[in-house]
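One structure, as structure tokens, below. Some questions next.
Each chain gets a letter, A, B, C, D and E, in the order it is written, and its residues are counted from 1.
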């Protein structure tokens, strides 16, 4: 297994197919596996350096870990599980206990024993437990896979807040949409090595990363700035390099910056400006790059340039032919605003 | 906990938020929990009847179970895990070992021990193990949650084949899209009781089921019939009661019937027939029902009637206002064909 | 070899091995059964059964031997009855094996019970959904998972059998070639002025035998552990 | 009460309880330490340590007692040295407790080791990522998880201590009020004409005491199991 | 004064408990008696056990200590004598002609002869030499069930496991389930003697008073009640 990448604060998303080595990689970062060769550096501190025979044991790393299989302590109730790391971490900063249990919706579970929880409940407790230990870095291995979409939507903004508090996160997920607005950087793994790594808007708009393509979740991630709020319709207008967009009402001050995912499949192209449609957001641009044609796959990806940003669009080859798209063709991209914050 | 529903063959999807009682319910069906009161009937055979004090033990039920936490046998290698139930089940019918391991992509793992597998690998082996025991009914508790989208897309058609072979499936999932084309019936759980149950097209188009709404995955499921194939563009044309649609090429004979999901968020409405757009599928219809307005939520759902079928559309309240939609308004619904089989 | 052991001592060594191995193996099936009952079932008289199993540990071995004599002697409660179907314990090596089995029983059962209690019952449930009946579940899932406990219990019982003499000598006496096991021989030597050297020699042999058994069990256990964890 | 026990027998009962409790409790910390080493670490001499721990099981108790006498007697190797720092075992109740601790040690260690081996190490890893150092991991995760093993081991050791006399009588003799435990008293009674009735009476008392300890341990274990599984 | 400690052979328990009781009634400090096998006690004394008196069941272990200079030779007394008898279960029809040419094979049938261990247990050693002297040893030497103590041998006969056994007269008298078939002539085996002595390390001034009491009339009655013959013979050395 080979992997070299850097992540400077913020959220780094780790993508890759089942068995591609994501868990193995974060185990190395967390200190649960000793790499044969390699170095791990956090905040300038050398955690692992096989050449210098340095290996900081996990308990001195202050790296929180939300495991794929939750690993709650069966001998403790939920409250004691949550407080396990809290007591060990010195200091009083960080997120409060009440905030965490409120947000994760586990207040009614506090006195329960770990064994009786449902799959999703276990995972939420595990997230809370890792957060409360005041980690310097948070490793999350598919933390939301067992959760329903609504619960996911509740927890994601919370993770966003963590990122804004300055806790870097290394986040394993199969769903680009899940980390779209969260991640600053993306690392894509394939067969134990890094296939692509870089800033999220760069990597996510790449048409050549098979793992992203096969994820059917390809999309572009845009940096946006809050422009105005419209509480009546519960919308917020943001400005991106690609143009202005409406998104569901945000609790952010005007001027705040954020990231949004525009999924390739949520964009409809047309040659003429659409009229009288339910698509609130229409961006003008031109085709910049055509993806590869895959036998048996009716779809293709196209990269647009709208203003100063790229958008990825997935459409059928048939539409492509009917619209006669080529690099340079001017198009209008209609984006359903509801898709922005999925 | 209270639950009453019927499922006659085919796939029944079990929806509901984390902790709503999905696992508990299928544990009762599988015989791992004894209900305080109630009856469970399979193929006309009374499995549980608390009044008659009848309780068929799990090993005599021939009900396969893919657990939320895989539960592989740690003392056996992957092959022996897979063959565990195979040896016990009499007869030679059913899916072949080679087919199963091929499809699940676990051939390279056969000689490995269960403990070394990645999360997704474990889950795939667990699916294979349950299938190979030749069950009369298959219980699947979020079997695909740990898998990447590409792997999901590979396994879903396989489950479809199982359904067509006549093995009924009770399928727990958080993702409507996942079971959209699979499920015949939907049971929605809320706080331990059944909130809605019925044929998939009926339930999925209901605007009043909070669990579906909050799932942000609402949509309508249409019954379709294969009309023609277009291998050049890798598309198949199907006919639904709502009108003709293009979907990715299907390996089904002309005339075969199937189900497709039209997600509420994948439909764009316009007042005029769209022109020069990448949306292949445009259906004409009229607004039939307006969903409830939820404070703070910029979106609303609208039910259309197109031909003889219903479609659910989610759009912003602002678009609604701009387009001045009312029950009875004639509209055109543009559906991106790529969304159909996701 | 034969130089440093008298024929009687050779016989004692051979007999000890036979007795310890027989006693240990014979007590395994009932040991597993009782450990399973104690670990998994609730029934009337469970505490009683638990107590009876522990009794040989609590009682001075001589008392256990005495009780065995009362029960399984020629005129004993069960002994008389068993004799009719041809099973005789008194003054036979089989009696020594019985004594060792009884003395080692609490150790065996505890180890097994502890292991059974540690088995993840969700795996047994999974086996049931795959069509395994309770017996098949036990043989194909529970038993392989408790192998470390089986090995540990057998080591304890075997070691105990190699050292047991109080109950043995009281029950079946000390007949060279018939019931004189290694520990009986050692005990006798400690009772004779100047017998220390002989006692120490036999003790060493007994240690070597047990050491070999222990090493073998550790190797076995390591193999099992690797299978379970790797 | 006092009617059916002579003062000497009362003293023996009190002493047995003291000796068994002390021996069991005192052997717990080293027992846990050694079980942990044997279960988790690989080191040179591990087999040797394993063997030494099992020795009291393999050796006839009389031999163990004799070795204790040689080692920890007033003139013994360690005995003489320990006496200088004020620790005297020979012919004191402390010696009886030492004998019981030694005899019960293999049983205790095995139970603990079996439990430690069954602990899911991924839980310990999880504790480490939460900032727990190895000692904290052990105290807050491993130890609570092996409580069933701790209880089982202590019951075995206690029961053994209640029945042990071979090593005790050989090491510290059979002095009423000083080193005469219940099993020694029982043994003595079996050695004299007409002593059977007395022996049976004392045996019953010993059974009742052990029964109480066993029941208590079962209740404790059930509580622990409920905490672990419910 | 501190009560003296007596290390005594287990078979003396009944008698010594009686004697200790009456000794205490006379206002003397009641002795503490540690009962165990003679060899165990001898080795403990060798290792510095706090014994004031050693009361052995045979001469060998007293000699063992005497050779190591661990007893006060001038205090040594051969206090008691016993005899060994041939016993059978009480319903037995066995008859044996005691005397030279003794043959037990017929009476034994297919059964075993229960004895104390013929090398270690005193009663076993005496029994063996008597059988040798009377000529019956060769016939039975492979048919002996050697018990760990004379009590265990008695038990084997009492339970009907063995048709014949050799035990002390004192033991046989106390068990209703056995009957004495014959008594071995005193000259057929070394004298069965229970010697007592004060240990070398004894610092207890009451030790000699207790020893004197053991040789006195009250003690004599108690010993005789248990079937012992009181010799009360001073002996300086062993042969």
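Just so it is clear, a contact is a pair of C-beta atoms (placed from the backbone, for glycine too) under 8 Å apart; a residue touches a chain by one contact, two chains touch by 3 or more.
Please read all numbers here as calculations on a predicted model, not as lab measurements.
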> Hey, what chains does chain A share as contacts with chain D?
Replying inline: none
> Most remote chain relative to chain B, going by C-alpha centroids?
Replying inline: E
> Of every pair of chains, which is linked by the largest number of C-beta contacts?
Replying inline: A-B
>> With centres defined as the mean C-alpha position, give me the chain C-chain E separation in Å.
In response: 35
> So what's the Cα centroid distance for chain C and chain D, whole Å?
Replying inline: 20
> Between chain A and chain C, what is the gap in Å from one C-alpha centre to the other?
Replying inline: 60
> What are the residue numbers in chain B that touch two or more other chains?
Replying inline: 69
> Multi-chain contacts in chain D: which residues touch at least two other chains?
Replying inline: 62, 66, 187, 190
> In chain E, what residues contact two or more other chains?
Replying inline: none
> Name the touching chain pairs, would you?
Replying inline: A-B, A-D, B-C, C-D, C-E, D-E
>> Show me the residue ranges of chain C that touch chain D in the complex, using the header's touch definition.
In response: 47, 50-51, 54-63, 66, 106-107, 110-111, 113-115, 117-118, 148-149, 152, 155-156, 159-160, 162-166, 183, 186-187, 190, 199, 203, 206-207, 210-211, 214-215, 218, 225
> Contact residues on chain B for chain C in the complex?
Replying inline: 30-32, 57-65, 67, 69, 71, 73-76, 84-85, 88-89, 113, 115-116, 129-130, 133
> Which residues of chain B touch chain A in their complex?
Replying inline: 16-19, 22-23, 68-69, 118-121, 124, 141-142, 145-151, 153, 174-175, 214-217, 230, 233-235, 246, 248-249, 265-266, 268-272, 274-280, 295-299, 313-321, 323, 334, 336-339, 342
> For chain D, which residues are in contact with chain E within the complex?
Replying inline: 62, 66, 69-70, 73-76, 90-91, 169-170, 173-180, 184, 187-195
> Which of the residues in chain D end up touching chain A in this complex?
Replying inline: 122-123, 125-134, 136-137, 140-141, 144-145, 147, 227-230
